[in-house]
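As structure tokens, the structure follows; a few thoughts come after it.
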Amino acid sequence: MAIHLGANQYGKAENRVVRVYRDTPRHQIRDLNVSTSLRGSFEAAHTTGDQADVLPTDTQKNTAFAFAKEKGIGAIEDYALTLGAHFLDASPAAEGARIEVEEYAWERIDDHDHAFVRAGTGVRNTVVNVEGRGAQRKAYVVSGISDLVVLKSTGSEFHGFLKDRYTTLQETDDRILATSLVARWRYDASPTGDGSVDWDKSYDGIKRLLLERFANIHSLALQQTLYGMGSAVLEAHPEVAEIKFSAPNKHHFLVDLSPFGVENPGEVFIAADRPYGLIEATVTRDDAGDAGSAWHATPGFC
Amino acid sequence: MAIHLGANQYGKAENRVVRVYRDTPRHQIRDLNVSTSLRGSFEAAHTTGDQADVLPTDTQKNTAFAFAKEKGIGAIEDYALTLGAHFLDASPAAEGARIEVEEYAWERIDDHDHAFVRAGTGVRNTVVNVEGRGAQRKAYVVSGISDLVVLKSTGSEFHGFLKDRYTTLQETDDRILATSLVARWRYDASPTGDGSVDWDKSYDGIKRLLLERFANIHSLALQQTLYGMGSAVLEAHPEVAEIKFSAPNKHHFLVDLSPFGVENPGEVFIAADRPYGLIEATVTRDDAGDAGSAWHATPGFC
Amino acid sequence: MAIHLGANQYGKAENRVVRVYRDTPRHQIRDLNVSTSLRGSFEAAHTTGDQADVLPTDTQKNTAFAFAKEKGIGAIEDYALTLGAHFLDASPAAEGARIEVEEYAWERIDDHDHAFVRAGTGVRNTVVNVEGRGAQRKAYVVSGISDLVVLKSTGSEFHGFLKDRYTTLQETDDRILATSLVARWRYDASPTGDGSVDWDKSYDGIKRLLLERFANIHSLALQQTLYGMGSAVLEAHPEVAEIKFSAPNKHHFLVDLSPFGVENPGEVFIAADRPYGLIEATVTRDDAGDAGSAWHATPGFC
Amino acid sequence: MAIHLGANQYGKAENRVVRVYRDTPRHQIRDLNVSTSLRGSFEAAHTTGDQADVLPTDTQKNTAFAFAKEKGIGAIEDYALTLGAHFLDASPAAEGARIEVEEYAWERIDDHDHAFVRAGTGVRNTVVNVEGRGAQRKAYVVSGISDLVVLKSTGSEFHGFLKDRYTTLQETDDRILATSLVARWRYDASPTGDGSVDWDKSYDGIKRLLLERFANIHSLALQQTLYGMGSAVLEAHPEVAEIKFSAPNKHHFLVDLSPFGVENPGEVFIAADRPYGLIEATVTRDDAGDAGSAWHATPGFC
């Protein structure tokens, strides 16, 4: 009954890297939250405390900041790919590097050169997994958006569902549909990192499409809305292999005003916190390719 | 050494009232967080548990939702004034009613009739205090904005400060200035509630002015920036008697890249969480009128 | 219509000061969150940006850490009084200093010498306001506890309340009563800072009494429970002049299981998040003395 | 290039179920946060909006509350297993059910019959995955603890690590080691659900052992501490197949007081928020059995 080390991972989480481009009076700003980690054959570090194979998390932090200057920050996907490849090269015992980046958007105040206000409609992010050495080097890119809070005040139904002894929900052909959307899409393996994907353009197009589809799909269920959004993304974006959604159903319950002699034909709602429905779905292609470690998160804690 | 009841207040906090206007296919949505409370001569409730004078917090909740339909929701100031006057009338033992409302902004998706995305630049709010009965009825309105996150990547200095044995801070003539602004302004007492203030127009103008001034004042200190913002509001908005700011100085520290042989001329920063500077200031008129209970919050817990 | 600076305050918030006492192998640990601020005649800093009177918030931070070693950390009240007096002396333009300290409690793991686990029942805190110079020096101490989450599964009623058109709440003689208590008590002015109050002993006694009274008062309303708790503190602790409570009524609603043919005689509840009742009350003495700036918080934002 | 539905899951998250046992005057309380979900062949719901196979999340919620009375709540693992089996039976299209339960601990106030105070050292939880029908029914149980905040003020070193161009970290043989531990352990498949594991006893033993090992292992790295904790659990608990840790390294940085002429030999630290090290590790047996869907979380979003 011997005991041994299984999956493991270590790194520095939530480095708040802010990069100002000031080569001209019209500044640019990139505002990131960067988490890096390495995984692999780190037995000695765990079993005997020998750190000879361990590149400190402090070094990972230093590198995230140094690269912001040395390599610059363009699309977060490129920055993450560069960091991931570097860490894997710098750490012979590592088998994989995982780099996660969130980017906070800023808008100019009155088109000002160096004054900005935080924009609020969704947070862009990417997770890059880099593996292998030499000709075996692979890189997987999953990008996404979170905190995209959307609502439809009509155009949403829910009926015809399975019923059992514990079912009390009334069917409805008109309700509020609201969610704080998380969407993450995996880029097709082959173009990854070779410059063939325009990350910014791809992100902008997908975000626009997600909003447009949410608005215009007549919803019979949140599942159906998500599937429609995902299908549209796959159809319009050949660079995307699959897309996943996690969407809390932010319930808006119609308030019963009849005790006060007041009618409420779909006008006054209470927005509830908990519990909430949680709908998760993947939309994929028949030939979605090898996902490899694309969705790698942590060794089992998710 | 007798013991007695002092200041007190009770109510229902954080009613999440969502109101949809759907008289035409082009819906409107108002998304509020409403907290109501009453204060006054509630000795019996406290000392003997006799609730005869206590309008339940549950009733306050019901009323907040019912009024969303019966009275409708225009400017949050009007909705709050109406609720405050009602609760004071409904509760003979009460001496004051305090109504606090936050409003979450939504933007249309592609100008859609009934699909929206949450906007993120600041949360509008108001606190209304209503007092007195009959001809003595007074109402105070303090409106504001919170979570307005702004940043300047240059145009900010800090030097010439007082030094003592514990001072190590270096003087600088170029730093990042960033804050998550809270601003609250008290409307002059006389016009309150009589329809002479266009609340929405006043709010929009003040928000615009705060952003514009933040952008264009060359900052020698956050204090000076805030004072300049406040002065501009008072000068342009005669309906405002005074304005208060609470502004965390969200430090962005220049990262020392010299150990890696990399220069960093104001380009790479780490955004810190804690500790943070906290700057608070009031800008007021020489004749600012009677603030009465305008700034009333809780009986001492703030 | 001249404009001028009103109430103002600036400082460094949330310094996370951890002090280890290691003079013997049996370590002691004090884990604090320290916020300091100064207020007074800081017109130049605001109107012209001249910082000559401003002791930087960075210096305040340095001092909070240095004093943890130079002066040591005993009771948080003594540490705060020492910091407050120092800052007022170090800043000629200041009229008052406000020091707020939270302390996080740790318990030893198996009575270990240097291994600890965070304890969770309430966070101790203090707010000290120091004013005046020389013989006019005054210091006010308000100490308290927050996040003290308590619940009674019976022994709580609520009935006989005022009813109006919007009242639908049913009267009850048995409900769950739960709150996350905030209590803050002002120490009588005269002994403040002169060593006559044993802060730790006073805190321990008050916390114990608050819990005991919450448990044993048969509740007719949360107001009556709070008043009974406050009265008991004032009766047993002559060093306390008044006490304030802020208590969210954390509603536990009985779930209707009748649609499933299941009875629910006070056994299954849903714990709700929002809205919640919010009950605030002060219990004071007939001769409570001068509160001075004891309850000073910020210049109007609370 | 056809498009189809991939992994999916839906349910009701964060049902706050509170169960009072009041058969005698000495009440018992169970305070849970329950999230349930189903996954499987739900194509129609997604592609056409046909909900005939979908047991509503509202029904899942009702059931979680009804079962708290009908089945009662003993160990959270038993409650979750019962719910999971029920949902799978109630939903012919489902292939798996995932039930996650957190339990909040309460302690009696002064051994009172019905008054409690929330205890704070860690939150117990379980995730149960139930799959298959009839003789193929399988159930996997992963239980754990989160928010277990622990600290050692000495007995922790970190040196001998890999260095590269970006390494600036100094080696140390004495530092503070602190983490907010998440530990989750998978129970061996065979006994799951058959009554052979005493869940409460197992949990209590593991929690005690984790604390004891954290305290008594002289740490050369957080990795080595975690591995030692995990090994001890596997050695003492044959019912556990493997254990995973996620441990943020909550940095406590020694403050440089030398500019003030003050020495700081390991006594004054600043507790930092971000960034933080994040160490994750699995400790497993050579024959750890089939994990099946034990670690199933969401279809890729973790």
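Read from first to last, the chains carry the letters A, B, C and D; within each, the first residue is number 1.
Following the convention adopted for this analysis, a contact is a pair of C-beta atoms (placed from the backbone, for glycine too) under 8 Å apart; a residue touches a chain by one contact, two chains touch by 3 or more.
All values derive from a computational prediction rather than experimental measurement.
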item	value
Taking each chain's C-alpha mean as its centre, the one farthest from chain B	D
Of C-D and B-C, whichever chain pair has more C-beta contact pairs	B-C
Chain C and chain D, separation of their C-alpha mean positions in angstrom	32
Rounded Å distance, chain B centre to chain C centre (Cα mean)	23
Multi-chain contact sites of chain D, meaning residues that touch two or more partners	15-16, 62, 66, 166, 168, 259-260, 273-274
Topology of the chain contact graph, where touching chains are joined (line, ring, star, complete, other)	complete
Interface residues, chain D side, partner chain B - complex	165-166, 168, 259-260, 273-274
Parts of chain B lying in touch with chain C, wherever the complex brings them together	1-16, 35, 37, 42, 45-59, 61-63, 66, 90-91, 158-164, 166-169, 182, 184, 219-221, 223-224, 226-227, 230-231, 234-235, 242, 244, 246, 248-249, 274-287, 295, 297-302
Chain A-touching residues of chain B, taken from the complex the two chains share	15-22, 27, 29, 31, 62, 65-66, 68-70, 106-107, 109-110, 112, 114-121, 148-155, 176, 211-212, 214-216, 252, 255, 257, 259-260, 262-264, 266-273
